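Note that subunit A is present in both complexes that follow, paired respectively with subunit B and with subunit C.
So, the complex of A and B:
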């Protein structure tokens, strides 16, 4: 059993399903699911398009413990409809955030004041485009409301579908973001930009280019993510626990003023750079060319010392 | 209606609102009761990149920091987010989320916020602006769309004809104001033949910081499950808590 847990903790986050992540990430046997597959809370819309449904609509929500600490958790299944936000999958996350917001949190067994969003999503589900877009908007508002009620909301990004479109906006609405090297995030994905603006604007078949623009290492270095996790269950556990040890920025005027200054400074400083390596050089990283192939531990040492990468302005 | 006509009808007495070449709308108008309203937006069918999001967010932050209860009007005729490698490289998602957060914080801090669409609105630019306001209204002829049907046909690999047919009876994905009303996204469609200043006054009175869009969507039968599923999750979270407390 101990051997199994050790093996599971070393397994890849990227390759795992949502349920494998929940199991490998939380303390063993602590997860309690809300509206699980047996309740068959699924999309009422997909059958119109002759598409198969999922009994959980591609989102697992519930509560559990992380190193003994009570947390609420939502995990998107990137392998089902690209982890997209539909009417039901979105509403499950909204309910979780509202429960945390309304919790008084201090009594034994009360609703936890920490919400972890294990994002793995290409954005809005097109077959339910209006409901999905609205769900994203409602999630963003619920995150701000929850943060203002003292809840810490973390985004964990490291799945095969990344965190694009609405998921990219949601991650940046959270208190903090944990990302792995393979955890791509942004608004328009490379394929979408190539389709709309041409291959000269963004060659989506150039993996190295895609990685340097949307990938976790770039996001961590420019301050778009607050912690870097090696691509294992243990990696995300350790990084998340370290983030939870620090006080999360509250969503106040002062925080948003600081974020404004941070984003304006980034645009001024990096806006003229033509590629990621030149951005990293501009940030003062001597080993900019070596970032791509660098070991996680060496990379984390560099990122943790960089002014732009470490802030309370989100 | 053109943006100029809209601004004159909204603020017949006076306004100091500038519209830049890039479609950025910034400034202040005067309500019927003489109070000031802060006005921001993106028009001309432009897409929102990092450079557009920052000045709009700056004005919202300025309004909040003045500490009064000045309302905010967000005008939109925009085409989603700017699709550019450079903007993505420096983290466009953070810039768009920043603007949305500023608007939501304004609402939470006692500023009534209204979104008014008079043209197009879609995707990331829509989430950062009109959808981040307390109450979202549109003028007739507005065309909200997450994605147009030809693009949707390409992505879903369904024939456009079939999508057109489905769209007639399926507000969950069909573009347009009627769908957005049924979803609970749009509170109301304004009457272009009546003075807009009066309608703005009424809309401001109906605005509140509480997000009721999923309930509206249920009442209007556009979103049969969203409100109910959210409530069931809340109940499950609370219920489990009770079990644990008595264990």
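So, the complex of A and C:
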């Protein structure tokens, strides 16, 4: 029943569980889990609603090696309660970020100054209400504090639940975002927009529309994600290593001002577009119509050459 | 939440040295099973938390069948159930023993 490493590395990120992602993504046998399932650090709230708990509260945290480089990592299980942030799952991620913040550096055996967040989440766990909302804002604060202390925090988005609501906010707080075609990010998900603004604004049952707007290809092209990964363990490994090779933008006032400037310019340029293809045409992509069905390697070549997709404002 | 605690005696101890392992996800129609090699002798402790009420007899039947087939002596098995069907439960339990006995 054991898969060999080559097969595991080629398997789908989208379809994997959080634990399968950790195992397929990191160097074999290097992962050490903190607060593993046998410690039973579970949600204190779900039993009140007669809902089942998970031994790890839906997030796996620990340290390991990525191509020999030490990293801290948190992986959300998108299939457990939509990968939501609760009091316990949030605290596990906050603890990881604070450990990185307080570390003196990447020396042998020390706490790594790199944190990878394998997001797969619809946002706050509504059953935990304020505790869930607080968890999201505390994670964002912890990311800012960690980045100010020289930590690189990456968001990896490619799971079934995408990164919406609080997870969308958290991804936007990171140093860089890596996304796959099936990964989607945003703050308000498609159903939320449709409920509030009507079906004319955004038809959430139109999957091709949802994917073209919220999906990884569009996010990459309009500068909402910094790297595109094919939907495999290897795809995310390669893309993450390439991002880690570049210097991450510092978390400074100048970076924030640059980001505001970039977003205003993007609004001016693309604000009148009614769909994703017209945005891609406006960005000057000759093969705009073909983007959706394009092979990953061809798509990555186009995205890497596009000015709007590549910036240091974050 | 329905809590079920079952003590069984298996034919033999599960082979291997792996101390613990986890399988599955708490999602609709699925379950999460934690295996820990902490029980002395050939006893096997199984603890289940399930939101589905009134299926004790089905759980008992599935667990007895599992004990007869796999002989998971020495294991404590803890289940967080998301409303899995009996065939899914049986499959996960057998997968888990195979995982604990591998290498």
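Worth a mention:
Going forward, the second predicted complex is superposed on the first by the 309 of 314 C-alpha atoms of A that agree within 3 Å, B and C clash if a C-alpha of one lies under 4 Å from a C-alpha of the other, contacts with A are read in each partner's own complex, and residues count from 1 in each chain.
Following the convention adopted for this analysis, a residue touches a chain if its C-beta (ideal position, glycine included) is under 8 Å from a C-beta of that chain, and two chains touch if they have at least 3 such contacts.
As the structure is a prediction and not an experimental result, all values here were calculated from the model.
Subunit B and subunit C, once both complexes are superposed via subunit A, fit side by side. Legend: residue contacts after superposition of the two complexes on their common chain; A:230 is shown touching neither subunit B nor subunit C. When both complexes are overlaid on chain A, the residue A:183 reaches neither subunit B nor subunit C.
By the touch criterion defined above, A:87 reaches subunit B but does not reach subunit C. More residues of subunit A are touched by B (comparison of subunit B with subunit C).
Contacts of A:55 after superposition: subunit C is touched, whereas subunit B is not reached.
Applying the stated contact rule after C-alpha superposition, one finds that A:249 touches neither subunit B nor subunit C.
Legend: residue contacts after superposition of the two complexes on their common chain; A:222 is shown touching subunit B, with no touch to subunit C.
By the touch criterion defined above, A:17 reaches subunit C but does not reach subunit B.
With both structures placed on the common chain, the touch criterion links A:162 to neither subunit B nor subunit C.
When both complexes are overlaid on chain A, the residue A:145 reaches subunit B alone and has no touch with subunit C. Shortest separation of subunit B and subunit C in the overlay equals 14 Å (C-alpha atoms, whole Å).
Shared contact residues of subunit A, touching subunit B in one structure and subunit C in the other, are absent. Within the complex, the subunit A residues that touch subunit C are 1-2, 17, 19, 36-38, 47, 50-55, 58, 77, 79-81.
Listed in rising order, the residues of subunit A touching subunit B in the complex are 32, 34-35, 41, 44-45, 48-49, 61, 63, 72, 87-88, 90-92, 94-96, 98-100, 102-103, 107-111, 124, 126-138, 140-142, 144-145, 148, 165-166, 168-173, 185-188, 192-193, 196-197, 201-202, 212-214, 218-219, 222-224, 251-253, 256-257, 259-260, 263-264, 266-267, 270-271, 273-276, 279, 314.
Across the interface of their complex, subunit A is touched by residues 50-51, 54, 57-58, 61, 64-65, 81, 83-86, 88-98, 100-102, 104-105, 108-109, 123-124, 126-128, 131-132, 146-147, 152, 155-156, 158, 166, 170-174, 179-180, 183-185, 211, 213-214, 217, 222-234, 236-238, 240-245, 247 of subunit B. Of all residues in subunit C, those touching subunit A in their complex are 1, 20, 22, 25-27, 30, 32, 34, 36, 49-51, 78, 80-82, 95, 98-99, 102.
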